[in-house]
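Structures given as structure tokens follow.
What follows is subunit A paired twice: with subunit B in the first complex and subunit C in the second.
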Partner chain A sequence: MGNDYRVVIIGGGIVGCAIAYHLTKLGEKSVAVFEKNYLSSGATGRCGGGIRQQWSSLNNVLLAMRSVKHFERFSEEVGMDIEYKQGGYLVLSYTDEEAVEFEKNVKMQREAGLKVEILSPKEVERRYPYINTEGVKMATFCQSDGHANPHLAAFGYARASQKLGADIFTHTKVVGLERLCDSRWIVHTTNGSVKADVVINAAGAFSREVGKLAGVDLPTESYRHQIFVTEPLKDFFDPMAISFSGNYYMRQTKHGNFVMGQGDADEKAGINYSVTFRFEKELSRKMARIFPFLRKLRIIRHWSGHYNMSPDAQPIIGESPSVRGYYYAVGFSGHGFMLAPAVGEAIAEMILYGKAAHVDVSDLNVQRLKGGVVKEKNVV
Partner chain B sequence: MHRRIFSHPILDFKRGKPVKIYFEGKEIQAYEGETVAAALVANGIDVFGESYKRNRPRGFYCAIGKCSSCVMIIDGESNVRTCITPVREGMKVARQHGRGDPKW
Partner chain C sequence: MVETDFLVIGGGPAGLSAALEASRRGVKTLVVDEGIEAGGQLLKQTHKFFGHEGFYASVRGFEIAKEILNSLGDNVDILTMTTVTGVYEDVITAYDRNADKMIEIKPRFTLIATGASERFIQFENNDLPGVYGAGAVQTLMNQYGVLPGERVLMIGSGNIGLIVSYQLLQAGAEVKAIVEIANKVGGYEVHANKIKRFGVPIILRHTIKKVVGDQRVEGAIIVEVDDEFNEIPGSEKELAVDTVCIATGLTPSIEIAAMAGVELQYIPELGGYVPYRDENMRTNISNLFIAGDVSGIEEATTAMIEGSIAGLVVASECKKLDLTEEIASMKKELSEFRSGPFSEKVRSGLKKFSIDYPTYSYRDSVQRQEPPKGKLVPVIECNQAIPCNPCQTSCPTGAITVSGNINSLPEIDYNKCVGCGVCVMKCPGLAIFMIQENAENNTDVVVIPWEFALPEKGEAVIALDKDGEPVCEGEIFKVVKSSNKTHLVYLKVPTGHGRSVRNFARLQREDNRYVCRCEEITEADIEKAIEQGFTDFEELRRYLRLGMGPCGGRTCRLNALSILARKTGKKISELGHGVFRPPAMPIKFESLLKGEKSHGE
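Right after this comes the complex of A and B.
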């Protein structure tokens, strides 16, 4: 371990690794990542792996579009095949009110330059004869959406940043942050202490605790989300299928397995890694009805991870207005994986140039939450 | 070739009545009450399929329906675990090459 870094990143998930990669790529070699467990051990390695640009808030659309640019050239630029597939996202709506919302969203998404189609239930059936469209009012589809393997993406960024000079410490927990009178930081870890100019909180489910280490109160809370995976079939299911009103999402991995999940409105805030039989029962019944080819497939694993929720379900990104030199990229509310490439780039640019150069993230800092919130609705 | 055990010092085999099943078109002698995998092995068929990545022969492994090594196509349905599926008269069994086909 060196003892002096320009930037220390707390959290070795996709967000922390993406920040490390972009910093080193832009020439800042003095970077350390501290991960209390192993890389992608938190929400990154537990998530569905979807990459979606169809959001209800413009900020999310723009960040996701920029991320897709990065995902498209990931294997070439970062040097790892992350099983990226642009099979599109099929967003199914089961209520009339939501269908009206979707029309508005699509208008906004198209103005932002995204190619989105509106599909009738008949058209969905024609394209995907293996989906039961009973109850579907309408659907939207964006071909450039897709999915990838989140573990590989985190490892890819981590390895590339190490090659460019970053130090990555796994199984090393940050336990304290101390401010020196020259406004530098001392970062105390379970494996010793280092100095840093800038500290970044990319701690995902633990963002609030890591905020407190610096006296920064971040309005985030973590909620358990469960997910399971079936045995594999031939690779035939191209899109990621998702529904907010139907409360589900599903994709087929490159290996052939189907990964799926749903949200639970009764979930209490807090860290909880257990799984429930109720989830398995509810989701498998629902999914076998909508996707009849699942009927005879067996569930082979079931696990849980956490959404780090912000009050408006949009990420909180930026430098703390009260504690300078303390940055955060937290509160991703279940879509950190897909936004990480653009957010990593934006944070790196903020630190090195004082301002994000590709996507304007200035209204994603905590101040936006002072005068009430406009909630991102497109979350499962 | 016959690989059935007819007498055993400890175990007792209560064999059901003889049935015929078909392995890739070939008629095979089986007994009611035994599994498809048992009938195949008894008739000298050890290769149930191939591994996904390197196409190496794969056969009977855990014998309790956990490992998926013995999955085959039975009467047109893929991914059937032959080690826990009892034989039925006239059953058609075939090797599954690669992942199973979706059915809807």
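Right after this comes the complex of A and C.
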């Protein structure tokens, strides 16, 4: 371990690794990542792996569009095949009210330059005869949405940043942050201490605790989300199917497994890695009805992870207004994987150039939450 | 109508050499060749040639073709993808496949250098896909990069059978066996040794009886023969192969010569019917010459010399030059090359055309010095008189001598040797090794000429003897890459084994040793990932999808942990056991739904 870095990143998930990658790629080699467990051990390695640009807030749309640019070049640029597939996101609506919202969203998304289609239930059936469209009011579809393997993406960024000079320490927990009079940091870890100019909180589900280490109170709360996966079938199911009103999402990995999940409004805030049989029952009943081909398929693994929720379900990105030299990229509210490439780039640019160059993220700073909150609705 | 001084039919070693010698002396020459590029059999030959430096010894065949083609000047035109179709009273015709048209040629002199065809043999099912001639195998493999099969039976142990077997090994195929109908190996001993030390058996007094298979070769039945080459009933054995490669000899391609009116004579020693020619390579038609395999089956170096003689004779007559000296010196070359025991057949065949070669004396047995202990020195395992001397000419200190005739066996003076290893790289037969007995720490060092994928320094290997049998464990401690592609691999073995070790087998990183059968992840996959830095068990699992199949890691978890422990030097208990996730066995959606009902009601 070196004892002095320009930038220390707390968290070895996709966000931390993406920041490390973009920093080193832009020439900042003095970077350390501290991960208390192993790379991708938190939400990254537990998430659904979807990459969606169809959002209700413009900020999310723009960030996601920028991310897709990065995902499209990932294998070539970062050097790892991450099983990326642009099979589109099919967003199904089951209520008239939501359908109206969707039409509004699509207008905004199209203005942002995204190619989105509005599909009738009939058209959905024609394209995907294996989906039962009973109760579907309408759907939207964006072909350039897709999915990838989140573990591989995190490993890819980590390996590439290491090659470019970053140090990554796993099984090393940051236990304290100390401010020196020259406004540098001492980062105390379970394996020793290092100095740093800049500290970045990319701690996902643990963002609030890591915020407290620097005296920064972040308005984030973590909620358990469960997910399960089936044995693999031949790859035939192209889109990621998702519904907010129907409360589900499902994709088939390039390897062939079906990964699916739903939200639970009764979850209490807090860290909880256990799983419930109720979830298995509810989700399998629902999914077997909508996707009848699943009936004979077997579920092989069921686990949980956490959404680090912000009050408006949009990420909190930027430098702390009260503690300079302390950055965060937290509160992704279940969408950190898909936004990480663009956010990693934006944070790296902010640190090195004072301002994000590709996507304007100034609206995503914590200060926005002081006034009223306009909540992102497109969340399962 | 194309008019030219000199038409060369066939751009192989003989034709190109003739074109080179004639055109250098002002003779306007046209070479017509069937191939996509000129070079003939040279293009397929990846082995280093025997002979001496003047005739490309230690250079690989395809590189010789390049060298000759590069030195041809403006006086030579080459028509490729063009086949001579007839020698008529008025013109010689050729078909140009590129332009799809006939060409008429009127030359003053003509050389027929059409080479040879493979002799096929008859056995049951020899028309099944998977039965190849050795030439086709070489073309597929060495020119087009296509491996014709994975498990090969080679028929015939002449030089072609031996060389192609070695090339098949280099290309990654398994050569199950070479069968040879005679009671001794037909080709050079050094070529045979190259494949024996990879454990390929050469089964003497055997031939192929039939090929087994429905749509393609699935196996082959070989049978022993008696002194009259009759099959011995009951001696059949079946070999599981997908390819049978036939290398049972060649016969001169005499069609064009015959059409031209050249006298033919049946001379079995030269491969069948051969066109008459004198020692100037002139046929009974005064402006028509032949050279190379069409004039008698031999090999590429003598083909080049014959071609050169024909080219010189044509130049002397066409340009009225006195080339007596040059021609005489080429003939002397040829005579020396043909003085060894392997040329006995050719010599007796040529006698029938009244071409007589004097007998030379050469050293055909040698009592070599014992290699001194403690010093790294070459051991020469070349015990058959073949025309070859690069060991002598490449030795920078003059320690190796091939005295007198080029067929003589090499001798070595260890007092002059500095252990540089150049002879090991140069020897076309890969018959020189280096050993250092009692090197240090109770080890012997063996240096092996290596033309396969390079091992890594520090790699543990199994040391093999000259028959490919395991001797002991060894370690690679140095790899010297050579520009001629015969690399030197330095191997350390326990003292006492240096003298017997002649090869090594790399510890198989088999790609079919599955650890995680659900996800088809092999031991090699896991080792590779660990080497890439995935040393955390959880990261390793997620990177490879290890244990993420229906069994939930039941069969692979501990095995994968053992591999990780072995590779990282950690204890399994330090590595952690990874997570366990429900359900403990795969559960159908349907079963979940049924349970839901019975309990809900």
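General remarks:
Throughout what follows, the second predicted complex is superposed on the first by the 380 of 380 C-alpha atoms of A that agree within 3 Å, B and C clash if a C-alpha of one lies under 4 Å from a C-alpha of the other, contacts with A are read in each partner's own complex, and residues count from 1 in each chain.
Convention: a contact is a pair of C-beta atoms (placed from the backbone, for glycine too) under 8 Å apart; a residue touches a chain by one contact, two chains touch by 3 or more.
Since the model is a prediction, treat every value here as computed from it, not as a measurement.
On the superposed subunit A, the two partners subunit B and subunit C both fit, without a clash. In the superposition on chain A, A:F236 makes contact with subunit B only, not with subunit C. In the overlay built on the shared chain, the residue A:V373 is in contact with neither subunit B nor subunit C. Considering which of subunit B and subunit C touches more of subunit A, the answer is C. In the superposition on chain A, A:L26 makes contact with neither subunit B nor subunit C. Residue contacts after overlaying the shared chain place A:R285 against subunit C, while subunit B stays out of touching range. Shared-chain residue A:K296: touches subunit B and subunit C both.
In the superposed model, A:H151 makes contact with subunit C only, not with subunit B. In the superposition on chain A, A:L164 makes contact with neither subunit B nor subunit C. When the two complexes are overlaid on their common chain A, residue A:L39 makes contact with subunit C while staying clear of subunit B.
Closest CA pair between subunit B and subunit C after superposition: 5 Å apart. The intersection of subunit A residues touching subunit B with those touching subunit C, taken from the two complexes, comprises 231, 296-297.
Those residues of subunit C that touch subunit A in the complex are listed here as 532-534, 536, 538-539, 542-543, 545, 548-550, 552, 579, 581-583, 586-590, 592-593, 595-596. Here subunit A touches subunit C in the complex through residues 37-41, 45, 151-152, 155, 159, 162, 170-171, 231, 255, 275, 280-281, 284-285, 287-288, 294-303, going by the rule given at the top.
Those residues of subunit A that touch subunit B in the shared complex are 129-130, 231-237, 256, 291-293, 296-297.
Of all the residues in subunit B, the ones that touch subunit A in their complex are 68, 77-79, 98-104.
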